[in-house]
Amino acid sequence: MFETTYYEDYELNHERKTFGRTMTEGDIIVHAGQTGDFFPHHMDEEWCKTQDFKKRLVHGTLTFSVGVGLTASVINPVAMTYGYERLRFIKPVHIGDTLRTTVTITDKKDHKRPQFGIVTEHLEVTNQRGETVMVCDHLLLVEKKAGKASVETNGAAPG
Amino acid sequence: MFETTYYEDYELNHERKTFGRTMTEGDIIVHAGQTGDFFPHHMDEEWCKTQDFKKRLVHGTLTFSVGVGLTASVINPVAMTYGYERLRFIKPVHIGDTLRTTVTITDKKDHKRPQFGIVTEHLEVTNQRGETVMVCDHLLLVEKKAGKASVETNGAAPG
Amino acid sequence: MFETTYYEDYELNHERKTFGRTMTEGDIIVHAGQTGDFFPHHMDEEWCKTQDFKKRLVHGTLTFSVGVGLTASVINPVAMTYGYERLRFIKPVHIGDTLRTTVTITDKKDHKRPQFGIVTEHLEVTNQRGETVMVCDHLLLVEKKAGKASVETNGAAPG
Amino acid sequence: MFETTYYEDYELNHERKTFGRTMTEGDIIVHAGQTGDFFPHHMDEEWCKTQDFKKRLVHGTLTFSVGVGLTASVINPVAMTYGYERLRFIKPVHIGDTLRTTVTITDKKDHKRPQFGIVTEHLEVTNQRGETVMVCDHLLLVEKKAGKASVETNGAAPG
Amino acid sequence: MFETTYYEDYELNHERKTFGRTMTEGDIIVHAGQTGDFFPHHMDEEWCKTQDFKKRLVHGTLTFSVGVGLTASVINPVAMTYGYERLRFIKPVHIGDTLRTTVTITDKKDHKRPQFGIVTEHLEVTNQRGETVMVCDHLLLVEKKAGKASVETNGAAPG
Amino acid sequence: MFETTYYEDYELNHERKTFGRTMTEGDIIVHAGQTGDFFPHHMDEEWCKTQDFKKRLVHGTLTFSVGVGLTASVINPVAMTYGYERLRFIKPVHIGDTLRTTVTITDKKDHKRPQFGIVTEHLEVTNQRGETVMVCDHLLLVEKKAGKASVETNGAAPG
């Protein structure tokens, strides 16, 4: 679904919650396969038993990918990803944990190109016990109504 | 391979380069499947032809996952991921592009817990034309020799 | 996104179009893997060259799965799949074809349980040349406002 | 294996049973990935606990794909899929259920093109408790011996 | 399909040919993912251009897995894999090559347990140009009619 | 990582151990998908219960692929796979078993081309109980220092 939202229309403190997503053993295998990260933290159940975290860990990059992916429901054609800041992994994520993301608009500021602004979406990924497992700030470059210039896509994927 | 490197032994400006990884159409499909991000930017070749970027884009989260994953070769048992900063997608990544990552130690600083320091690895992901497509700073929490305390793993995945 | 629509509120002839989805070689491989259907029609490029259709065919069950999956955007908690009728594969689907689905409400009728009605969604899957490759009728069991009974889920998946 | 069976040689009431196939959590993940259907019915274990069906559901399209795929053992070069009718999901399918399909020839009738007939294979998919979870009628367009015309493949996948 | 064939009924020089299977880019990615072998020979198109073989290579273990897998059509309940000998990779396999396997019974000999014999299936995997890319000898432990003892499965997978 | 080791520098009886890898249900599904081997030994939990081995078996080709893949850490640019001998599946591998490989140099001998030698790596794959589940001999064609000829890659994949 496409839904145009200009910079001016983003509301500070607006919050939305995504669906949940249960992390599975297969997700870890597939992500190891995509990234080449076969560290025993993710792949070797026996070794993990000897570590403090006891059970195989979901890759940080996977928690990030899923946490962000869950937010990909509506396409705003006048916004694009500028970058991410302050990405932190707060608690371990294990097989069987169910993640969901809460997105809050926490900041808006002008961009050096006057027809754009930067909107900060704060992403908080929680598990089924309500514990925060990951946070980050997603910076969006958003067109201003005033500007009306079409976004110069610089190649960053939307998510 | 495990190889212990204490905080004191990280050398500023030390640089290493990873193997390359050609991004394939199948990678996009699999990543869409993992994240649920089926935006037409990634999945609809026909729609992409009507956009400025012309061809399907590799998800930003996938570029990040692969860019980081490529660096996962040696395990340092006294280091763990603290977080990521200044993640930026500089150029689009398309099917057939070959990515590799250059890792440079760009900063070291003390942590509030005296037995640890924070090491910054700057990651620069380039394509086969030598263009930078993504950058970020990877913050590592690393044990000090002096400290000798075993790392209190707080659950963040190593990569 | 959840959005409640009662039987009474489905409008005959209402039409919506989904995003597009380019079918890839990897999709065929994965679907063969899921279903065990490794017929040379899908897996053997050389043999296909000797057949009338010349190029590897997307499995009918995959065209159906994707054609239906594309419509899975909004969850109506008072509706569930009753079944499918008149599923026909009209034209071959090949690697590289981009599919999208048009959903039209073509019928509404009472169900023997008075608090429900049956809504027929006609699905038409087209390719990038606007040719129809698949059609079917998706029957939905939908709660009536009058009824107000909660749907007795009988186990059919929503899609 | 190729094995030619002409219309005349299909026997009414002939029945065959396929191998079994245990549905896994990974199958759901992969199917969500292929279809884009990430509804919480399939992906969110916690939400499912709050619903009548209690546990994650196998997608209807996946049950269909596997139920049909299990029957893909012998290729009849003079038969092709004409379509499917009366597809119904009778009982929920959950992770760990083992499906197998019973195929019964339930109908034969002439086709408007005189060198062909339509054979109906009734597919009944059962679980490990012998409960029927899905049924459908698979219509095959089959060449007649008399006809001897080579099948004009119209592009429908064989399965 | 199950089909019982006792040791006595294997015929020397009997030959069968499998279906073909086109190797895809996605197959390499998936196999790298399963095995953790991300060597640039398979994953880095740019590096491969600088090597004698010019193009990404299908993993040897994948050629073996597919070459053997293609032969898995009929289950003989009185036979099991004893092992493999003389596995050789004769020619490179690249993306787009179509493999098929020819299976020839090349040897039969008694086993120390008198109720069994060892049957050697010679597997020859060829590409679409008829070139041999891989060979191996598949040793089967097969029950003798005389013996009638049920096979003591020692855990080797059938394929 | 590339690390050149000439024939002369391989040391008899040198031993190394790989990381571990827990075999998952998803691995079996993916491997069945790649190879087309959907035998009930791997796919049908209910049928397996009726057999001596009781639980689904990991495919032999998968155990081999993972057992070999685990050893793929350092690339020796002057060595290549010549073949495999004496591959035996000693014990069944089930879902949840954690495999690791011990590699021992067991033989060195000249090759008919004087600038090469053949090095035998004996691979022993063990499970979490220390039981050997698979063995094989991996023959490497390795350049001699004396020779200095560049390896004529004959197309066999490195692993």
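Just so it is clear, A, B, C, D, E and F label the chains in written order, and each chain counts residues from 1 on its own.
Basically, a residue touches a chain if its C-beta (ideal position, glycine included) is under 8 Å from a C-beta of that chain, and two chains touch if they have at least 3 such contacts.
Listed by chain with UniProt protein names: A, B, C, D, E, F = Acyl dehydratase.
Worth saying up front: this structure is predicted, and the values here are computed from it rather than measured.
Please find the path from subunit A (Acyl dehydratase) to subunit F (Acyl dehydratase) through touching chains that uses the fewest steps, and give that number.
1
Copy of A-F's interface among D-F, C-D or E-F, judged by over half the contact pairs being the same?
Having compared contact pairs by residue number, the answer is D-F.
Using mean Cα positions as chain centres, tell me which chain lies farthest from subunit A (Acyl dehydratase).
Farthest from subunit A (Acyl dehydratase) by mean C-alpha position: E.
From the centre of subunit B (Acyl dehydratase), which other chain's Cα mean sits the farthest off?
Result for the farthest chain: D.
So the centre of each chain is just the mean of its C-alpha atoms; given that, what is the distance between subunit A (Acyl dehydratase) and subunit C (Acyl dehydratase) in Å?
30
Nearest whole angstrom, what separates the Cα centre of subunit C (Acyl dehydratase) from the Cα centre of subunit F (Acyl dehydratase)?
43
Based only on mean CA positions, could you tell me how far subunit C (Acyl dehydratase) sits from subunit E (Acyl dehydratase) in angstrom?
38
What residues in subunit F (Acyl dehydratase) touch two or more of the other chains?
21, 24-27, 29-30, 33-34, 36, 38-40, 43
Quick check: in the complex, which residue numbers of subunit D (Acyl dehydratase) touch subunit A (Acyl dehydratase)?
24-26, 29-30, 38-40, 43-47, 56
For a test of understanding, state which residues of subunit B (Acyl dehydratase) touch subunit D (Acyl dehydratase) in their complex under the given definition.
Against subunit D (Acyl dehydratase), the touching part of subunit B (Acyl dehydratase) is residues 29-30, 32-34, 36, 38, 43.
Provide the residue numbers of subunit D (Acyl dehydratase) that touch subunit F (Acyl dehydratase) in the complex, in ascending order.
Residues 19-22, 24-27, 29-30, 96, 98, 100, 128 of subunit D (Acyl dehydratase) touch subunit F (Acyl dehydratase) in their complex.
Show me the residue ranges of subunit A (Acyl dehydratase) that touch subunit B (Acyl dehydratase) in the complex, using the header's touch definition.
Touch residues, subunit A (Acyl dehydratase) against subunit B (Acyl dehydratase): 21, 27, 30-31, 33-42, 51-53, 57-66, 68-70, 72, 75, 81-93, 133, 136, 152-159.
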